[in-house]
Amino acid sequence: MTTTLLNADKIRLDGRKLDELRPVKIDVGVIKNADGSALIEFGKNKIIAAVYGPKEVHPRHLTKPDRAIVKCRYHMTPFSTDTRKNPSFSRREIEISKVIRQALEPAIILEDYPRSSIEVYMEVLQSDGGSRCAALSAASVALADAGINMRDLVAGCAAGKIGGEIVLDIDDTEDKEGEADMPTAIMPSLGLVTLFQLDGKLSESEFQKTFEFAIKGCMKVYQIQREALMNKYFGQSEPMQESTE
Amino acid sequence: MTTTLLNADKIRLDGRKLDELRPVKIDVGVIKNADGSALIEFGKNKIIAAVYGPKEVHPRHLTKPDRAIVKCRYHMTPFSTDTRKNPSFSRREIEISKVIRQALEPAIILEDYPRSSIEVYMEVLQSDGGSRCAALSAASVALADAGINMRDLVAGCAAGKIGGEIVLDIDDTEDKEGEADMPTAIMPSLGLVTLFQLDGKLSESEFQKTFEFAIKGCMKVYQIQREALMNKYFGQSEPMQESTE
Amino acid sequence: MTTTLLNADKIRLDGRKLDELRPVKIDVGVIKNADGSALIEFGKNKIIAAVYGPKEVHPRHLTKPDRAIVKCRYHMTPFSTDTRKNPSFSRREIEISKVIRQALEPAIILEDYPRSSIEVYMEVLQSDGGSRCAALSAASVALADAGINMRDLVAGCAAGKIGGEIVLDIDDTEDKEGEADMPTAIMPSLGLVTLFQLDGKLSESEFQKTFEFAIKGCMKVYQIQREALMNKYFGQSEPMQESTE
Amino acid sequence: MSAVRKAVVVGTLRKSQMKEQLEKGKRLDGRDLLQQRKLSIETGVIEKASGSARVRLGDTEIVAGAKVEMGRPFPDTPDQGLLIVTAEVLPIASAYAEPGPPNEEAIELARVSDRGIRESEMLDFSKLVIKKGEHVYSVFVDVAVLNDDGGLFDAASYAIVSALSTAKRPNATLAEDGSLTVLDETSDLEVKTLPVATTFAKIDGKIVFDPNTEEQSMMDARLTLVTDSEGKFVAGQKGGSGVFTFEEIRELARTSAERGIEIRKAIRDTIENGSQKT
Amino acid sequence: MSAVRKAVVVGTLRKSQMKEQLEKGKRLDGRDLLQQRKLSIETGVIEKASGSARVRLGDTEIVAGAKVEMGRPFPDTPDQGLLIVTAEVLPIASAYAEPGPPNEEAIELARVSDRGIRESEMLDFSKLVIKKGEHVYSVFVDVAVLNDDGGLFDAASYAIVSALSTAKRPNATLAEDGSLTVLDETSDLEVKTLPVATTFAKIDGKIVFDPNTEEQSMMDARLTLVTDSEGKFVAGQKGGSGVFTFEEIRELARTSAERGIEIRKAIRDTIENGSQKT
Amino acid sequence: MSAVRKAVVVGTLRKSQMKEQLEKGKRLDGRDLLQQRKLSIETGVIEKASGSARVRLGDTEIVAGAKVEMGRPFPDTPDQGLLIVTAEVLPIASAYAEPGPPNEEAIELARVSDRGIRESEMLDFSKLVIKKGEHVYSVFVDVAVLNDDGGLFDAASYAIVSALSTAKRPNATLAEDGSLTVLDETSDLEVKTLPVATTFAKIDGKIVFDPNTEEQSMMDARLTLVTDSEGKFVAGQKGGSGVFTFEEIRELARTSAERGIEIRKAIRDTIENGSQKT
């Protein structure tokens, strides 16, 4: 509780500036059996997302005649946390699975897959702060890798408040000892918010500034997502034209 | 264990006489979304019963071609007891749900609703002794409120033995420290027993006297049930003629 | 840990020689409601196996168009162990149910019962070492008693290593304090292994010798199984000709 | 569903036969209305249990095993030993018994069995204390139904009473440093009364004692009453989706008390002799 | 499935009516876009709870009960009392509520409610310690939805805040031998701020406050924001499978803060007077 | 069901091709009968674990993570540390892996993995005691299957052995007042032998080593044997609904021992060098 999260120069414990992201790396197509997959390393987070589908719906009564249903599971392996996580599915995992599903659904063109199920599984091999945003960012890339028709990618990043300052991309220590965390996900090309959560304490002006930071973070993650997909499909970093943005 | 449940004048701890009921109040139609509902306050018991149905049966294989099935759940909220109740469904709740279902089924004209399900949910918001009898008495009113065809109302009341005396309507303290409890429910107009349980210790003559008390208690509850229904449907206390009894 | 499992004359704690089985007794047809059943007493093991089927498959989607499915459950009653067993189904019971199912399936002519389910339930009333082998030996007799078409009986027996010696048929104490246990089941007439497990520590030559012992044990159990079935169906111990062996 | 269909078949065929028999004061299996099936009891069937018994009541077969182990008291009863009763209708017991956690029927069986033991004050839980608030004896009573042909409440009560009456408990002593030592010799558990259940079914307006599965499938309602050695009523449970008249309840109390006397005699003989058939 | 079908019917009939109304700045139930339904709060409704309240928000009805009991701290927070929040949408609450363990919706309700209490620092958990590392007070907050007509996050927060504000806690003292004694008199639980939730729905591009069930079935997305007595934002949660623009989020923060002021006033009046209707 | 249908298609098409290949001493993927797929091992992949390793065996990919934490011993082994092994085939691993609690296959994988560690006496549990009867170290080994192309027993054993061999454990000391202090420096966990699993499948009367998923779908039966660094057999498990001849079992013991030597060499190289491919 008495850790100083910022030094006199407003540099964070891991050396980052206030608006600086942790190192992020995305590998596409890491799970051979899956229809699409991605591994994201986001700070110490290591998360694999894999997509199976479109496939038949089980149990059948969940079938929608005019569109696909999306199943989402955010799950942590027992070794992913500092203290071993109990293997049973927690209430936290249930809630996060739900908000991630509702963050991805707006981006998927569900009407293109009537009577189908699209299954998105996110496995946290190692967790750090911001795992839900990292997981959904990987899931969005995995959906693209699976060839699912999408309106846009979904890019997630949290902003928050630590040591009295608004910062981008809260890590584990900052999450535990900081003052606020605002996980956010957007469809970057469309400029729409698909996930928004907040816990902590923010005045209205801090709220507005934190939200602004979060959007900037999402845009940075989006850039990395696109590069990863370009890399996979064209064997190169994304080149020149950024005209779609 | 050393509490004196009766004083020298055979007056009980809460001031009641041996054959006196606690205050009972029934409100009909308290749950807007339900097809029928009732709130019973029976001593400190506060229990809401709500009925949904007749409706389609799920899962389908439970459908009976010639009559309705009845689903019953007696459930206690975590805050209903002196010490907080664990939210998971207990063996006690499973047993009580079963005996209440079997107490209500004889009164419902099941053959009038083939291939249907009638769902009866009882939620104990605050519990006191005799909650199963209070719950089923409320459920019976809720069934009537839902317009379900019935042969008779079902009225429940326990009698028991405390301090060596047979008494009507055991409350929480009397249940814990008394000698016997005999929860009973009847169809009052038809003079038939639909629920009967006993735990405690009674000689045969005590058994017979306790049973007699229990029936008297049920008749009193019946009167209150009828008044509550009259009140709801005719905006008045039940009037003159008692000819049906 | 310091118990001496063998005395100077290589006699075991319960007086058995190295290659000697505990007393084994099988009664056929002990469960009236079942289609076939057997009680095996194998040392202190008391295990009842009962077979229901061939019957319809539930849930239906498990149905195989060309053959029967086999359901197997090995289950211990809470009073069967030295310290009371928790009534919930354990991971050990799940694993043993699986290996027993896979030990019995090769013996059952599944193609004779398309679209059917054959259910095999083993209830351990009292457990001692070697309960899985005893259970499946009883199950095999119960299948025969149910008239299920079989290629052969399945006979099970463990061998192992205690006090540096290879021995037949490990009991509870020997299992806990011994060096290795090799539960084995065979189809004796066909000379084929249907169950094989090992835990402990054996050199390769010890492995080979233990396996040899286990097969011998299975053959002895087979003899007892046949006698039990003869006894039930012909009211006598199995007579003269042993030609099928 | 198969059970449902079977019941339908029974309804059209056997039920009319039953009705005919009942009018003559007889039942389909030849018994008189208030006649119990053949009862046999064997104790000490599970050596690893502290006490055990197998009961056969007609084709119904039940084993009850009691274990007495060290435990910790509940905070609100620091000076009382513990009683935990479970019941399972094993999947070997009938084509309609499913493997898995106890269903509604098995839970009811366990809870009614528990009430019989507890309310009769059969065991003196205040004597099952090693150190108040810290160490007590836990009595586990586990009922396993091996073959189900009805009458489970009754057969379970006979098995439990026989198991507990012949049970031994460990003797533990508390060292100065608070550690428990379990001694080699055991003591009798000491049973103070014998609560036995009697179950009656109402079929076509007639009351029969000790209904079997087929009779249960035909019955309107069921009443179980449990009496102790002094003939006192210690537990009761109505079952089934039918009704009883006031007078039927009154009359069944009288009949139950009578039947209890005979059954307790059979159990007492078993306990003394090791096994007993009637 | 019935829910699905209902939604379809709504879609073709009511939704076009709703659209029409929204263009006039009105809603199907006659409310203005940012108008809350009638709110009434009653405290002390469950005498056996340490604190309780019933909230009616339109046809939605919720009871929250708080219990303060003795507990043991988590190893990593030895000097903090405990908070456990659960929520159940009882099967009486609607035709679509199923009995059974809490589903995804109920878990989300409990977790967002938990965050409101925890992040606002409404309770000072460091004061809920009897002996560091050994004995603390556990605060259980259990939310029961009696009738569901939408707005559960909001109604639950009002019920929780009202229940905790009026709650008493036991007073326990530690004897020399380490045993706990619970004294007869109780203390106020002491609440430092009033976190209240405000939920907005986006329907056909318009933002409405306090959506009811019908409106929820039509909405694209939902945003809940929780503010404390100082107007600070302590929790937020987007729901639904739709989206918000950046500007909508910004604007909703402003609106939420304003609405919180009025609602907290109503709650404060209730706490002082025992019950309150707006 | 899809799995079933897939198996049927395989049965009529690929199985005859496989048969053809097997007669030539080859397999569908070009391997010799007793040839293992490409194996690569990387340790230290999960920094938050006490030890970890990722194994790729052909297209099968597994991560094992070990955590060493403070625990309490079982009452019957007060002077022994604890071992808890779990395994999950994650739903990302194949179209047939379902989310949810471990099924029969995953439980078998965990239990066979557990036996390999335990029976080989790889860890000296008597050294993992801080205070007899009170405080011991608990070793959690959690296996996560990321991609399933068969050979799970084998790949899991390589991952576990690599994770444990490179694992650190905390150092805790006991203060006079009985409280535990966890020191900053860690120690090696110390592994005494390397138990490795080898799995063989019988397809069409032929024995193949290291079957992949397609081969498993064609096989009659499977045999896994685990040997330690001295070449001793420490665990075995037959799987599948087929059979082995007596001679096949005998022969497989010989082959398994040989293969174990090579695999242990690869693992030892990895442990020393951090990662290794064969």
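We call the chains A, B, C, D, E and F, going by the order they appear; numbering starts again at 1 in every chain.
Following the convention adopted for this analysis, a residue touches a chain if its C-beta (ideal position, glycine included) is under 8 Å from a C-beta of that chain, and two chains touch if they have at least 3 such contacts.
Computed from a prediction, not measured in an experiment: that's the story for all the values here.
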Co-neighbours of subunit C and subunit B - touch as defined: D
Path length in the contact graph (subunit A to subunit C, fewest steps): 2
Centroid comparison with subunit E (C-alpha atoms), farthest chain: C
Identified repeat of the C-D interface (over half of residue pairs identical), from A-F, B-D or A-E: A-F
Chain at maximum distance from subunit B, centres defined as averaged CA atoms: F
Distance from subunit E to subunit D - Cα centre to Cα centre, in angstrom: 48
Subunit A and subunit D, separation of their C-alpha mean positions in angstrom: 58
Between subunit C and subunit F, centroid-to-centroid distance (C-alpha), Å: 27
CA centroid of subunit B to CA centroid of subunit E, Å: 32
Residues of subunit E whose C-beta touches two or more other chains: none
Junction residues of subunit B - those touching two or more other chains: none
Category of the chain touch graph - line, ring, star, complete, other: ring
Going from subunit C towards subunit D, every chain in order around the ring: C, D, B, E, A, F
Subunit A-facing residues of subunit F, complex: 2, 45-49, 52, 59, 61, 63, 65-67, 69, 86, 88, 90-95, 99, 101, 140, 142, 144, 146-149
Subunit A - residues contacting subunit F, complex: 31-34, 37, 44, 46, 48-50, 52, 55-56, 73, 75, 77-84, 87-88, 119, 121, 123, 125-127
Contacting residues of subunit C [partner subunit F, same complex]: 61, 64, 91-92, 94-95, 97-99, 101-102, 105-106, 180, 182, 186-187, 190-204, 207-208, 211, 215
Subunit F residues touching subunit C - in the complex, by the definition given at the top: 1, 4, 104, 107-108, 110-111, 115, 118-121, 223, 225, 228, 231-246, 248-250, 253-254, 257
